[in-house]
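One chain, chain A, appears in both complexes that follow, with chain B as partner in the first and chain C in the second.
Moving on to the complex of A and B:
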């Protein structure tokens, strides 16, 4: 079975002349990659699983003691950690929903013949190409209550975007929406341009209204590609760190990755932070699985 | 044949070149510190050392926000990238018990540094555990929190008159925390884009703790008993509660958006005409008397942290000692540098370059005290400073303080008593976890 999947080697090729078989060429390409993955991904992953059951601290010479499930029990009983998870969930929902709305909306607007379409699309893609840290620093200035452009333009006076405990998280989400809507837009544009034109013509002949056309033709056909955008953005939003870390220090905007960073690299609670990383990993896996199942369903339709 | 000869010669030349560069590398020391002006002064001092001995000194820096993380990542990996490190005073516990620092007790005794350096600097920058007589660092940069203020605003006759009419006493450098509060309130004028006071509020490292400590220590409170690790009745005492309320009260008079501020923002409050008074470490004051970095340089004055209601006067300690990294391959060379560094004439040079020397003799000298507008306030402060916990798990204690105090200070949730009771609970649990003082 496996051999049928490999394209057979051209007998006149140089590789064949050197006496390399199909299988040895396959191994030549795959084994280094697999080794690399094992050394740098799989091994640390398993090693840190071991650490998550100990009280190990990388900053001391004290030996690691096995503590069983103590770390997991403490973390899941810690109200601060739960609040970090709730904040992260809120952030993911707001930011991904915002990106979908804005990104898909802009794609709908661009999906027609307008002058300078190429230039406009390219310019709209710029935010996505900036570094997260740079975007964070820029938006910190834009949000500044004393001299920021946003308050000036909206006439909000001294409104404290990042210092207000209720607003800070939304301010970070807004920045994320600004930065990543172009990504959703790009994928949506690809999806929209792939919708066969004859379907719209048929709908027009049947005198279908714009809403009917949108919900019965456009959305179902673009849905699979939108789902891919949602999966990517959810995973990214779940692990957002730099943007939120630079923009605000409000506890109401402390995402799970920031808590994890502090625990691992400021407090050096290595064992406990490994346990926390595993909890986060399991959550991301679960959410992604649900999405993938749904994506497959959408594709079947 | 000719080709062969040329390549052999080239090979020999290359080997020699590499050889000499390896040799040159051996005669150098790398000192790791945070990225700020004193590190540049230390590099200049290092250049003097190179002139005298031929040993090159490289001062490597990283921004304050990841100074701790980067240093400990290197320590934990047992790396020898740094021969010496100018570490924060709180690191002593982690540095010494973790085996990252070389024990300097003998060096300390041989050179009688306990008397050569100012007592507070020896106690907080060098010794761990407290009163153990074991030393892990040489006090290098003395630092504490002080205040800068706008002399032109304070000395304006109209302001003086209005202030006296409102509060019944003269507008002057605050004599106690109450006056500090009154002046902050007096200058708080959002309609004129002028605000009363700039304080530390950032909760990502030790900013919030340092700011709160200024109020706490001057109100006669303390963080806990450093020898028994008892915190109940200390951090949540009546004095501590009053101090937290006083610190929160000051937050009302800060410029808008003052919820993540540390030394950069607090200096900006003076340079950008935002606040009448601003809390900051003395190490950041040199840029305030420099007209290139502060347009108000001529109108900026300085004062020490004022006393609390009962007359206690203390300030939160900053500053660092220099330690030899135990994984360094050049420890002997590093010790030679330290021997040179503690000499009186080196300490004088260090102070002249802009470093805050810890040498008692230099601090007491009239030349030092009159050299800058803030040196006298610095000298006075360095004899009444207190510091945060220096135990290896200090970062957890800091994080717990941030988690409890920040929502109360900035978000206004709960009361000061509830906040500090909860903090005492957290600290008790942490000390219990590490088996301290139980």
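Moving on to the complex of A and C:
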């Protein structure tokens, strides 16, 4: 009870009146950040919304002409762009599913008494902390058909990973799985260690089989955390640029971010790329919204 | 649990431990390969079968930092004897170090890119964590109208693909002359990390009992004094963890750096891949550059190991 007495500070008391008021401190602390983000995140987006209705090209000095919804209409009718979305969807599904499988699998293996468990976990987490662009570059050497270590280790001869149009996207996904399975593993481990031990003991007493225990106890209890991992990785995989851009130039591995980059900074179709950016932005905001709603739900529990 | 362990469970445990070891080796193999290639002589970097045992060399690092050209004819014995050790290892590889008219060694592009990476990552981290700490305290302790929406807005700015943000930023920076400048990238990375820092720091702030400051207020501190003298020291671990996360993000960032810089303010991530041009790249030099670039992050990962979960989930999961 003593704490409640202290925490309910009377606004008119001497303590509250000294120095700046709480309201002004709150504003002083929050408003600069919000302003900064508006100027450097929201304002540019408004700026590009304007350009998305024009035929502006940043490579010329020609003034921008207003073309209405032309850019959006063209993009949504462009089979090329649709194929970029299809490639991105395929990439997201393959890489997130792979990460889920490997990450959760390794977490299940690690969820027991193992010598040097802390060290092993930290070592396993290393890939995801490293720079995608720089490490991705080195995977080019690992995938090399003539002297790549991967072909040698797997006895694949001169198998083409990155130069084969059919294989390139999967090779990028494989590197992504290597980098980000640890993330799923980390979250799964947290989920697994939170499962109350007495549930397993009760299941053992009831002579429940390992499958029953897994599907009726482990999985349902870890599911919310796995869901966080899946949504988060989906969002990140959807945005992928570095890894795919560095590893391969195959059109069959051209993710939406790469298309956007080429449109904006190689073909200099600035107006059109702004419209494209808006289409992507709306999709990302939708996924982010789901993610944050879900996060808050999990947090409340 | 231990009491009901059967022999088959113990057997499974052993299998699992072996499996964990195998997985760990597979996951670390690419990183080991980078590190080992960084110390190989060039002719051993691309061999079949791959070279695992070799006499480590420092020459890739010498080559990383200097401009070199192919040797047309081997150096004379006098030249070789007069050269310092670091020049001799380059001679041994069939190359020579380029010197200007005054005999000064010419640096490669790497050191300046590495320095740019350091300047930009450190400055933007200080700014993002500084602002983020204040803002997180504001959100944690005071009622803010539409708090959930504001926090969502703050987070969503980070969720956008970098290219989406880069297009208008590129045009705006070009208009005000901030392209290829340190300040330009620092602002971008600060904005990018600020949302993360607010979210993460808010979690840490929420954990500091309000009673600490309330007691200080009763003792005659102003709110500001209470914040600086009571809250900040309590939040030190959280601030450090957030700072390391922000640093790693800025350090690793590629897309913005690729688009916004080309020479003067270029950071290491777009520079290192640009070294793999056409023809046969010298993988030992690339590995050396990669190795030095990854080293700080590897060290930080170990320092940060207890906070990784929290940081990677935007503070959603605390342990």
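One rule holds in what follows: the second predicted complex is superposed on the first by the 268 of 301 C-alpha atoms of A that agree within 3 Å, B and C clash if a C-alpha of one lies under 4 Å from a C-alpha of the other, contacts with A are read in each partner's own complex, and residues count from 1 in each chain.
The rule we apply is simple: a residue touches a chain if its C-beta (ideal position, glycine included) is under 8 Å from a C-beta of that chain, and two chains touch if they have at least 3 such contacts.
What you see is a predicted model; the values in this text were computed from it and never measured.
Student: Per the contact definition in the header, classify A:248: touching chain B only (first), chain C only (second), both, or neither.
Tutor: In the superposed model, A:248 contacts chain B only, not chain C.
Student: Applying the document's definition of touch, where does A:273 land relative to chain B and chain C: first, second, both, or neither?
Tutor: In the superposition, A:273 contacts chain C only.
Student: Based on the superposed arrangement, let me know which partner A:146 touches: chain B (first), chain C (second), both, or neither?
Tutor: Once the two structures are laid over each other on A, A:146 reaches both partners.
Student: When the two structures are overlaid on chain A, which partner does A:235 contact: first (chain B), second (chain C), both, or neither?
Tutor: The second partner, chain C, only.
Student: Going by the contact rule set out at the top, does A:160 touch chain B (first), chain C (second), both, or neither?
Tutor: Touch status of A:160: first partner only.
Student: Go through the superposed model and pick first if A:65 touches only chain B, second if only chain C, both, or neither.
Tutor: The answer is neither, since A:65 touches no partner chain.
Student: Could you say whether A:265 touches chain B, chain C, both of them, or neither, answering first, second, both or neither?
Tutor: A:265 sits against chain B and chain C alike.
Student: Which chain makes contact with more of the residues of chain A, chain B or else chain C?
Tutor: C
Student: Do any residues of chain A touch both chain B and chain C, and if so, which are they?
Tutor: 58, 144, 146, 265.
Student: Inside the complex, what are the residues of chain C that reach chain A?
Tutor: My answer: residues 1, 4, 13, 16-17, 19-20, 23-24, 27-31, 33-34, 37, 46-50, 131-132, 134-135, 137-139, 141-142, 144, 148, 150, 152-157, 159-172, 174, 187-188, 190-191, 194-195, 198, 210-211, 214-215, 217-218, 220, 222-225, 227, 248, 251-252, 254-255, 259, 268-270, 272-273, 276, 283, 286-287, 290, 293-294, 297-298, 300-302, 305, 308-309, 312-314, 316-317, 319.
Student: Going by the contact rule set out above, which residues of chain A touch chain B in the complex?
Tutor: Interface residues on the chain A side: 58-61, 80, 143-146, 158, 160-163, 165, 248-252, 262, 265-269.
Student: Please give the residue numbers of chain B that touch chain A in the complex, ascending.
Tutor: 68-69, 72-73, 75-76, 94, 97-99, 190, 193, 202-205, 255-260, 274, 392-393, 395-396, 399, 403, 406-407, 410-411
Student: Quick one: in the complex, what on chain A touches chain C?
Tutor: 3, 6-7, 9, 15-16, 18-20, 22-23, 25-26, 28-30, 32-34, 36-37, 40-42, 44-45, 47-48, 51, 58, 106, 109-110, 112-115, 118, 120-135, 137-142, 144, 146-147, 149, 152, 178, 181-183, 186-187, 190, 197, 200-201, 204-205, 225, 228, 232, 235, 238-239, 241-242, 246, 257, 260-261, 264-265, 270, 273-274, 277, 280-281, 284-285, 287-289, 292, 295-296, 298-299
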